[in-house]
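As written, the chains take the letters A, B, C and D, and residue 1 is the first residue of each chain.
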Amino acid sequence: MKLTILIHCPDQSGIISSVTHFIHGEKGNIIYLDQHVDKEAGVFFMRLESDFENHIELSVFKTQFEERLANKYDMHWDIYKDGTKPKMAIFVSKYNHCLYDLLSRHNSGELLVDIPFIASNHDDLRYIADQFQIPYFHIPVSKETKAIAEEKQLDLLKEHQVDFIVLARYMQILSPKVIDVFPQKIINIHHSFLPAFAGAKPYHAAFERGVKIIGATSHYVTAELDAGPIIEQDVTTVSHSHSIKDFIAKGRDLEKIVLSRAVQLHVARKTIVYNNKTVIFS
Amino acid sequence: MKLTILIHCPDQSGIISSVTHFIHGEKGNIIYLDQHVDKEAGVFFMRLESDFENHIELSVFKTQFEERLANKYDMHWDIYKDGTKPKMAIFVSKYNHCLYDLLSRHNSGELLVDIPFIASNHDDLRYIADQFQIPYFHIPVSKETKAIAEEKQLDLLKEHQVDFIVLARYMQILSPKVIDVFPQKIINIHHSFLPAFAGAKPYHAAFERGVKIIGATSHYVTAELDAGPIIEQDVTTVSHSHSIKDFIAKGRDLEKIVLSRAVQLHVARKTIVYNNKTVIFS
Amino acid sequence: MKLTILIHCPDQSGIISSVTHFIHGEKGNIIYLDQHVDKEAGVFFMRLESDFENHIELSVFKTQFEERLANKYDMHWDIYKDGTKPKMAIFVSKYNHCLYDLLSRHNSGELLVDIPFIASNHDDLRYIADQFQIPYFHIPVSKETKAIAEEKQLDLLKEHQVDFIVLARYMQILSPKVIDVFPQKIINIHHSFLPAFAGAKPYHAAFERGVKIIGATSHYVTAELDAGPIIEQDVTTVSHSHSIKDFIAKGRDLEKIVLSRAVQLHVARKTIVYNNKTVIFS
Amino acid sequence: MKLTILIHCPDQSGIISSVTHFIHGEKGNIIYLDQHVDKEAGVFFMRLESDFENHIELSVFKTQFEERLANKYDMHWDIYKDGTKPKMAIFVSKYNHCLYDLLSRHNSGELLVDIPFIASNHDDLRYIADQFQIPYFHIPVSKETKAIAEEKQLDLLKEHQVDFIVLARYMQILSPKVIDVFPQKIINIHHSFLPAFAGAKPYHAAFERGVKIIGATSHYVTAELDAGPIIEQDVTTVSHSHSIKDFIAKGRDLEKIVLSRAVQLHVARKTIVYNNKTVIFS
């Protein structure tokens, strides 16, 4: 059995020694350990993977962990058992490249999640859901219907016990009503190199500014638009010879790759959020 | 003899044909031609290099060019004779990496300019000027003395017939009094991926925001701070494990390379500015 | 009507002037012109796009072009009328990521080709062809059956009037019998940064060598394995912490993006092959 | 006092726990720990930095470490006390860009080493040594004099108690007589993306092959030419429009940055060599 443990707590001497000693005592073999100290904030972060030869009763392990370590060091912690697939809902609007990319990775066994449904404010991409045989819910959103739409979304998310949401170019802003239920569990892809060009039409703004590089940014969604903790970014070069249409075409490839990397990091439990920033373990 | 011709004018049919016909008629062999049309602005840009077997009287050539082409097409144009080294002044403050990089390229014959002097608001880097035997002028700048300091700078620039200025991490903002004398002739390096993190302390701001990529931007200086036409940008990856000090160290390498590339493009007459953007020919 | 003209011929004075003069005389408006001179080989390359307001009889235009320009300058040339979709066959084996990527781009209208069929030496990916409703031909290949298999492939290619072939991780080596029928018309993706790690199992070899960067290369197929003219390359960083499995996963994203870029360049008539190298127009 | 500990040993359960327990027992506060397991080779690697509030007698600490940990786990280990500057010799030939870069970093306090001397088979770069006031030894090397020249080099290296050597574009091949005295202590910069284009004239070979990306590789020198453990690599894009001269110019920037990064990693004790590959800690 393999466990992945994520910890963050006030930095102090002896944490690594205590945790590794505990794991060792439980007959665990540490196969990965990475830690980070944010010296300014005085916070210690650790990710640890451990193999256990013998069967471990997870609830007992967690209780022991809490009593002997977490309480002592005032830890925030999560322990994940290997092999449990998280449930990932996908929200889309009309752009299909990120959706195609996620679904083909899922179909190939590259992306180890369950996808209970795709939700969209438009019906345009239903044909892709059909191609991949994933349920598709068309929930139109207008100023007037937004509250009702979000109720429907929340109902669906609850009903399907969704663990996290991927906004695969979902062109609507979620209200805190949804965000608060999924803190650090909604992953968005923004089509710019944040914090440059937050908000609408970033490729137009980048073109207007005459930049020589464009980017894409995947981040956890928070109440403030495009200001959540950044998970992954990447860029590509452009020149005066590229039109806005070219920016959009080049950007599509960035967006789908960056979003996919962020989703994979989240699924592999390699992200910890602190102070609106992420620690991304290798 | 080799001439480099830069043109921009309202887009219309027949310009390339007319220009190449003209060159051909003057017994020129076109060894490079690149053109660009900004469709939104309706502007045509061209850069052309031509070898002439016979001696060409440059003033006669220019008059012919003006009468037979420039007037007809309403061109902005420049014609440069190969082999003339522009005069480049360097302004610095206390950071030495960009200065070292420019001077060592100059010393190696890699950067084909004359450097009549280095000016600085501090005396710290005089030792480098001495190493490379370039005159160094210490012109302190404070709120009170800024006007006088800029007078001194302008006097020096005029006296040495400076063609363009490189701000190699010069930590002062130039007033329009200087900028207006050198339109599109002052090259700055800003230590961020503009337009993100304009202004002071961009590495601190980038660290605070938790970005995964940092950058550097070289641009022509205009009245608005860090908002001039971008010549060159580059980026490098960072992670949670990097401190602000690490950002600064990684950034130094970006800054010096990006600034040097921009200077080389300018010296090679490969830049045209239009609508606060650059066309950069290959 | 828009025409794209590709030319290469021995370099000499006056070509650009003559060609643009010709276009101008035919009432064409040049909207793109890029040229390149390979000084060592003494070869001139040009790509030109021109709009014609009036109807142009293409066959007449071509005859005129040949008589007045091509013969004079000893040109190799191609003239393409805008809006004709080339027919692209896809060959695959068992890896699906490149296939998924090409088909989803095609389905989105991003890749402007017709795909008459997919051929494979295995039946594994038929389900993807079914998802996208493209005919799928399973043509097993063994040492004994290779000659027969290639006959079948050639029959299919001929029957469907295929213009070019994309080897989307097709794990078989094509014999000259096929290659010679499609010179510079078979695009392969090799999963290394060529010329490093040509041949089989490049990720294993890269891992063994301890490189810090891996790559992917798309090239035209020639008789010599992995030695054809390179169209596009890209790379990504790796470290000691990545296993071969990680290399393969990271490489998948490179492969599909690099292959797609190469296919788009080919489809947009932006490639000219000369001396086993490519000129790639912007 | 701060210690940096580097370890590699056969992988087994309990190492991290034992080491961190030991450090904790010595009243050390672990401020950095990174580990890696090469699963194929069955080898465990660790880098650890620890602050000690009280004075530590280093020789006693090392003895304790050896007796209580190293012997038990069959460790290869090194313990470095912070603040000791290694002695770095630089070997050059005629290219100056890497030399300028190293010396200007050294002069800025960016590169924390002592540079007892520069040695060269030519006298060309003496002026740079003079600029930076570093002793310069001209030791000509020809087929006939190579053995004598290497004797002189070894004498100098010994006399100045040199810790490691940087070949900053030194265009001579060192014989095992020198290499064996400095195992994993000679850092070379090769001007290609190894293993592509090993040996002489890699830019010419890259141009000939028509690659779209060129690179530079810094590695530890071993008996086999350009085949030692890779420390750092980086790349930049090129196109058909670049001549060999352009490759060389673009490559210079790569070479100096990549070499500098490798040297910094070595100086920071962030490299471990195993099986002709490197583990590079972050």
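Things to note:
Here is the rule we go by: a residue touches a chain if its C-beta (ideal position, glycine included) is under 8 Å from a C-beta of that chain, and two chains touch if they have at least 3 such contacts.
Keep in mind it's a predicted model, so treat the numbers as computed, not measured.
By residue number, over half of the touching pairs seen at A-B are also found at C-D, the match among A-D, C-D or B-D. Note: the chain lying farthest from chain A is B, by mean C-alpha position. The pair with more inter-chain C-beta contacts, choosing from C-D and A-C, is C-D. Averaged Cα coordinates give chain A a centre that lies 36 Å from the centre of chain C. Between chain C and chain D the centroid-to-centroid distance comes to 41 Å (mean Cα coordinates, whole Å). Among all residues of chain B, those that touch two or more other chains are 239, 241, 282.
Across the complex, chain B meets chain D through its residues 96-97, 100-101, 104-105, 107-108, 110, 131-132, 239, 241, 249, 252-253, 257, 260, 282.
Note for the complex: chain A touches chain B at residues 36, 38-39, 193-197, 209-213, 215, 229-235, 239-241, 243, 276-280.
Per the touch definition, chain A reaches chain D in the complex via residues 13-14, 16-17, 20-21, 23-24, 28-35, 37, 237, 282.
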